[in-house]
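Next come two complexes built around subunit A: one with subunit B, the other with subunit C.
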Partner chain A sequence: MSSTGSPKTSPSIEVTAPIDVIASEQELVIRADLPGSSVELIDVRFDEGTLSLRATIPPRQLESTAYLLREFAPTVYTRSLEIGEQFDLDQVSADYESGVLTLRLPVVQAKKPRRVPITGG
Partner chain B sequence: MPLRDLLTKSPKEEPSESAVKKLKGEMERIFDRIVDEGVHLHDSFFGSTGEWLPAVDVSETVEEVIVIAELPGVDPATLDVTIQGQTLAIAGEKKPRVLASEEKVHETGCRYGCFIRRVTLPVDVDDSKTDATFANGVLTLHIAKVVTNPGKRIDIQAASAPFPGDDPLASTSC
Partner chain C sequence: MTRFGLPNGLDAIARLRDEMDKVFANVLREVPSLGSAIPSILESQPRLNMWEDESTLFVEAEVPGLKLQELDVYAKDDELTIAGDRSAPEQAESDFRTRERAHTKFRRVVRLPVPINPELIEARLQQGILTLTMPKAECAKPKKIDVKLG
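Entry: the complex of A and B
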């Protein structure tokens, strides 16, 4: 048995990405387990208050691999979340490290109400 | 929350909506793998312990056994990989982020906690010839197989003279 041969062509399965969502007054943090992906294969979009995530996990071995136990398949992780419009999308940060994507969405800080001084006689 | 935490709740205690959603997600993941890949459940779910079980692939070539484990968010420096006989064990912990007092959790779909994943290797391996890499939350182990001695062929010399009583003209068959 050998692992040489043409690249794997088996189709990907689509799976809902497991995520953690943590909120504070300052920001919303979304963390997704996406093992085996890469920065180039992850797509995050915001559209009308909805965050959409799509990450591809490519094949890790060749088509001719002699598997004894197989629990992984080429996967496309997807997730869609309605998060609203209260975030500063220009300040969103995204970091992919050790197979975990972390998104930080800062909350737009509402301007404090200002008292208008009234002058008069 | 591990699946077993859901199963050990008393009948009167209703699981939360997020726990049910998580259980549904886990079941979908398991069935996806069964349908698409023909997963061997007995290998996947027994003989391993912990709060979660990393998914693994095990394959082999002529020279080596290859084990690939999904470990997103696990610090590779904390991993403990051991080989004893034909059993490989991958142990570690995925630590959850410590929350600040003002932070509120809205959803927890990622898995955390300690794990031990054991895999039975198909042959004896040479644990001194193991290569381990960790990239993007995936651990890849290349473990050399023990090279077995194929045995030495012994040449048989023909006797210089026939045995007494042998007919040198008789044909042989086998």
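Entry: the complex of A and C
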């Protein structure tokens, strides 16, 4: 590419990561678009019921690159959500693939809704 | 919620629904953030960057969640088209508690500043960023002119 070598650090803008949250009886799935990040640059943590997400999108080109068109730049994505107590935070899984972070929060076993058997006469 | 008096069976179903509602009630509450509004990834068109050197045009596009085979790239002289499908997987609409990511087909057409050689385009997809390396057409490359003494 035209801009070889290690990109210089440039100031990153901080934006809110767009997410989907999908609920089922078994789990809560949170997906966040974080294109251009990497596993090492994503930090997910739970603290007192709050899930905090922070992902850095580093510069890919030299700071001196003369862009003909520039619609995105180095970014820090953040997001914080309060998570209910019904999820087992010790069993949360996180996977980053194709620029999308997927978090799976299983429902605590004892608190899963149970189907009530119906008998008829 | 009290649901006395419902017909046999319906009462149990109503209670089951109540249980489900309780499980997911207040599951998520947004914590105020200092960050700016949600970026334009939400929009159906992917965001692009473009730059060049003497012989090549480079374009990178944000396409999170897509595989190379889910993307179509067309190039013709000085026009580039990037198309893809970010339709949601089979998921009931009611299962979404929050839905901010793009779930649509997109088609972005960009006029290139110089003609390129479509046969020689290289595409690379890494962590949701599509990078296209497009050699310029011969007529678009700078030519060195020998200056002779008169």
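Everything below uses one rule, namely that the second predicted complex is superposed on the first by the 103 of 121 C-alpha atoms of A that agree within 3 Å, B and C clash if a C-alpha of one lies under 4 Å from a C-alpha of the other, contacts with A are read in each partner's own complex, and residues count from 1 in each chain.
Here is the rule we use: a residue touches a chain if its C-beta (ideal position, glycine included) is under 8 Å from a C-beta of that chain, and two chains touch if they have at least 3 such contacts.
This one's a predicted model, so the numbers in the text were calculated from it and none came from an experiment.
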item: Overlay on subunit A: subunit C relative to subunit B, clash or fit; value: clash
item: Subunit B versus subunit C as contact partner of A:69, first or second or both or neither; value: both
item: First, second, both or neither for A:16, with subunit B first and subunit C second; value: both
item: Touched partner set for A:109, first subunit B, second subunit C, both or neither; value: neither
item: Touching partner for A:93 - first (subunit B), second (subunit C), both, neither; value: neither
item: Touched partner set for A:60, first subunit B, second subunit C, both or neither; value: both
item: In the superposition, subunit B vs subunit C on subunit A residues touched; value: C
item: Touched partner set for A:84, first subunit B, second subunit C, both or neither; value: second
item: Contacts of A:38 with subunit B and subunit C, given as first, second, both or neither; value: both
item: Colliding region between subunit C and subunit B, picked from 3-11, 93-101 or 165-173 after the shared-chain fit; value: 93-101
item: Doubly contacted residues of subunit A, that is, touched by subunit B and again by subunit C; value: 1-3, 13, 15-25, 31-38, 60-61, 65-72, 96, 98-100
item: Subunit A - residues contacting subunit C, complex; value: 1-3, 13-25, 28, 31-38, 50, 52, 60-61, 65-72, 75, 77-84, 86-87, 96, 98-100, 107, 111-116, 118, 120
item: Subunit B-facing residues of subunit A, complex; value: 1-3, 13, 15-25, 29, 31-38, 60-61, 65-73, 96, 98-100
item: Touch list for subunit B against partner subunit A, complex; value: 25, 28-29, 32-33, 36-40, 43-44, 55-62, 65-66, 68, 70-76, 97, 99-100, 102-111, 119, 122, 136-138, 140
item: Subunit A-touching residues of subunit C, taken from the complex the two chains share; value: 8-9, 12-13, 15-16, 19-20, 23-42, 47-53, 56, 58, 60, 62-67, 91, 95-102, 110, 113, 125, 127-129, 133
